[in-house]
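Take a look at the structures below.
Look for chain A in each of the two complexes below; its partner is chain B in the first and chain C in the second.
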Partner chain A sequence: MKKYLPHIIFAGLCVVPLMDLSSYIMHILILVLMWSVIGMAWNILGGYTGQVSFGHAAFFGFGAYTAGILYYHLGISAWWGIPACVVILTALSLVVGYICLRLRGAYFALATLALGEICRVTTENLVDFTQGNMGIMIRERTWVDKTWYFYIILFIAAGTFLLIKIVMESKLGYYFVAIREDQDAAESLGIDTTFYKTISLCLSGVLTGIAGAFFMNYMGYIDPGVVFPLYDISITTVMVVMVGGAATYWGPVVGAVIMVFLAEEIRSLPYIGAAHMTIFGVILILIILFVPNGLVGDYRRLLKPFKHKKEASS
Partner chain B sequence: MEQLELFLQTLIAGFMLGGLYALIGLGMALVMGVMRVINLAHGDFMMIAMYIAYWLFTLFDIDPYLSVFIAAPALFLFGLAIQKYLLTPVMKVESILPHNLVILTVGLAMVFSNLATVFFTGDYRSTPVSYASNAWYLTDFWSESPIELSLSMPWTLSFVLAVVITIGLWIFLTKTDMGKSIRATSQDVDAALLMGVNVNRVRMMTFGIGMILVAAAGCLFIPIYYLYPALGRQFTNVGFVITVIGGMGSTNGAVIGGLILGIFESMTATYIGMGWAPAGRFAIFVAALVFLPGGIASLIRKGRLGK
Partner chain C sequence: MSLIEVKNVSKQFGGLAALTDVSFVLNKDEILGLIGPNGAGKTTMFNVINGFYRPTKGDVLLSGKRVSNLRPHVLCKLGVARTFQVVRPLQRMSTLDNVIASAFIRIKSKAEAEKLSLDVLQFTGLSDDINVLSKGLPLGKRKRLEIARALATQPEIILLDEAFAGLNPTEINEQIEIVQKIRTERGITILIIEHHMKVIMAVSDRIIVLNYGQKIAEGTPSEIGHNPVVIEAYLGEEHSA
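Entry: the complex of A and B
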């Protein structure tokens, strides 16, 4: 049963558009799937390889701007952004990886944090190329209806899930986990840690970029404040994974479901809506304190008090 | 001649900015050295101090420079509480992700900046002190001087006070027992433990002192800057860039790093454009990562060992 869970969920999601749901619910589902892709992508790097990134907005925004600039300057469909950003984000990841994955400790976290800011400042200032704060808008949307957007992001999400499963069950995945657990030990076993960390970053960056390119096509408008913010994208990505559970297949998906619904609910509340960042911050702190491995990672521990009440009390 | 004037004026402005940046960087470097944690809420603590100074000025007409004596102890206690009830428990939590504490500080930053927006609105605020536009001119002292340079009074005051606080910290770190324990812990936690240093207490004190430094920086910044809730991010970035330029956890490095960053930023603002000043900040950060990953501390160490 558990083995076929992905298939069942995928099949279930395939028939969702046939149910004639409201446009708003479809929008939420599309966002959930998009955030699962970003979360899964972050999870490769942060969860499995242990390199925490605070700047996934940079990869996301790069993907979105690749699509946007292709449309704006070359006049071709923004959907070409998805294949194009594979190339561009690999290049970006290689550069970032070369600069900061040689170093250990907090350098990578800080460098990615800076990367997000660098991207934002640069896009704001390169007005001729990126339109600066005016942003880029796609004037003719591909579809008015959300069905096809849903199927596209569904296939991207399914592809990401499959790719991660394949990677993590191959040698590569074991290298990643070895690097996370003990870099010195990994190195002494002959694993070129910098190289494999860079590969992990490339995978993660490209997948996030694809989600970004999709976002450009779906939303039809981007500006630096929408795609490069620290809290709304980078930290939300970290939260998606931490809520769900780092280094688990289902963690980012569960996290995306919870975070997107929570964000929508909190923002629509009167008065409290303005304080949604506070609530997110408090949730983040509580998760770190009490469920450090996320809902999926710690679910056995979380269920314990319900299953064995006597054991728990003793 | 005008070019030279502009250059010297930029240099002076950068040097003063650097002195204040050094204060921010010092607090972060101390915490980094002892706790191995980059405090990404550092700038937001500074934002809190600035709001304290702002409200003291607006409501009670207390000079921002005097409010150091109120903001610093307040943030010290606040820092101790955060360290005791949040950071220490998280240190004991077992998890897969290695940077739990850093993520925790990000959560704190989110809470602080958002709460400030909710309570104080997003308005830009400043403390219009009476001496804000006073300045000293070079021609006042040397009338035949070929070039004209000026020193703004609040900038100079802030800079001098920053230097005084930095010297005070240096004396504290080198002469007192607590200071020595802090340096010992930052060099080697296990060895410090074996030498009978109460590491937990040292950690709390260090976090508290970091908060004092950042509170002081906030109070020194408010007469010359403006204040809004999201301001913390910018200064957190300044702090960690300095920490990396200076070498993780090195206090000497942080002072030099602060000065370098201040001068570099003011140069980019003058010669490239105001909008690019933050980009200049990160350019120097990337340069430090590529060419000098150990930071200035590694240069100092090399010089001392004579290798």
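Entry: the complex of A and C
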């Protein structure tokens, strides 16, 4: 049964557009799927390989701008951004990897944090190329209806899930986790830690970039503040994975569901809506204190008090 | 034939000379013991050989080729495996997964990696613990896991750094047997650091003695056991009898 869970969920989602849901609900579902992709992508590097990044907005934004700039400067469909991302984001990841991956732990995290900000500021200032703070707008949207956007992001999410499953059950997955657990031990067991960390970063970067390119197509407008922000992208990405459970297949998906709904709910609350980042911060602290492995990672522990009661009553 | 040749190796940590001008060879199919008091530089010697540290001076040659500027994973690929004195299991991985991760160095398919891993786990007596998370293993077993991981890389040479725990007579005999079987059954050359004299005397063909980073003696176990310099520096009076 558990083995078929992904198939069942995928099949269930495939029929969602037939249910004639409101445009708003479809929008929320699309965001959930997009954040699942970003979370899964981050999870490869941060969860499995143990290289915690606070700069995934850089990859997301690069992906979005790849699509945007192809459209704006070359006049081709922004959908070409998705395949183009594979090349562009690999190149970016190699550069970032070369600079940052020699750093360990907190130093790596700080370097990636700086990376996101560098990308934002650079994009703001390269006005001729990126339109700066004016942003890039797609005038003729592909579809008005949300159905096809939903299917596209659903297939990207399913593909990402499958890819991660395949990777994590292969040599590559073993190497990622070995690096997370002990880099020096991994190195002496014959694992070229620099090389495999770079591979992990490339996978993570490309998948995040694809989500960014999708975002450009779906939203039809981007500017540096929308796609490169520290809080709304980089930190939210970390939270999606932490809430759901790092280094688990379903953690980023569960985290995306919770975070997207939470963001929508909190934002619509009167008075405190503007403070949603504060509330997220508090949630993050609670998570770290009480469910450090996330909801998926700790669900057995979360269920335990109930089980005890049952045992006692029977 | 010499597999590893250590040539005039010195290693400084700031002002501290952990190794000073140490030279020796490790011959093919040999079991070479490395002994010396705490802080003598034995583990440092391993770290230099396996590429964790670069020697401040001198060279390490593997089958005649200079390897002292290579990284540990390259040395592992070239056939030099090691265990850590302070064990470093991949904690949140099961015992079996720890070994599979190292088996992948020469094996592409997971099924084959698993087969080899089960084999070395049986060899090291860990068959009953394959699904235990390695951080949950008692120290003795974690030490054996170190050996299992090293063996799974299918090395030509293994560096054992105090790879055993426990001192009762049965355990000591088991340890002696495992070391001997690594050579006889698997054809692996061994460089072994061990504080327990009974083990080192029983398994070694030759022994090198370090003291304050310097090599003070080299010889067969009986030569070492009777060497007055070694007795004074390390063995103490009871061994001279």
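Everything that follows uses one rule, which is that the second predicted complex is superposed on the first by the 308 of 314 C-alpha atoms of A that agree within 3 Å, B and C clash if a C-alpha of one lies under 4 Å from a C-alpha of the other, contacts with A are read in each partner's own complex, and residues count from 1 in each chain.
The rule is short, and it goes like this: a contact is a pair of C-beta atoms (placed from the backbone, for glycine too) under 8 Å apart; a residue touches a chain by one contact, two chains touch by 3 or more.
Predicted model, so just to flag it, every value in this text is computed and none were measured.
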### Message
Quick check for you: in the superposed arrangement, does A:Gly190 touch first (chain B), second (chain C), both or neither?
### Response
second
#### Entry: Which of chain B and chain C A:Asn125 touches, first, second, both or neither
first
### Task
Figure out whether A:Gly50 sits in contact with chain B (first) or chain C (second), or with both, or with neither.
first
### Query
Regarding the shared-chain residue A:Tyr174, is it in contact with chain B (first), chain C (second), both, or neither?
second
### Message
For A:Ser22, using the defined touch cut-off, is the partner it touches chain B, chain C, both, or neither? Pick first, second, both or neither.
### Response
neither
### Query
In the superposed model, does chain B or chain C contact more residues of chain A?
B
### Query
Which residues form the common part of the chain A surface touched by chain B and by chain C?
none
### chain A to chain B touching residues, read off their complex
46-47, 50, 52, 54, 99-100, 102-103, 105-107, 109-111, 113-114, 117-118, 121-122, 124-125, 180, 230-231, 235, 238, 242, 246-247, 274-278, 280-282, 284-285, 288-289, 292-293, 297
### Summary
Touching chain C in the complex, chain A uses residues 169-171, 174-175, 177-178, 181-182, 184-193
### Summary
Within the complex, chain A is touched by chain B residues 32, 36, 38, 40, 86, 89-90, 93-100, 102-104, 106-111, 113-115, 117-118, 233, 237, 240-241, 244, 248, 273, 275-276, 278-279, 282, 285-286, 289-290, 293
### chain C - residues contacting chain A, complex
50, 52, 71-74, 76-77, 81-82, 84, 88-93, 97, 100-102, 104-105, 108, 110, 113, 149, 153
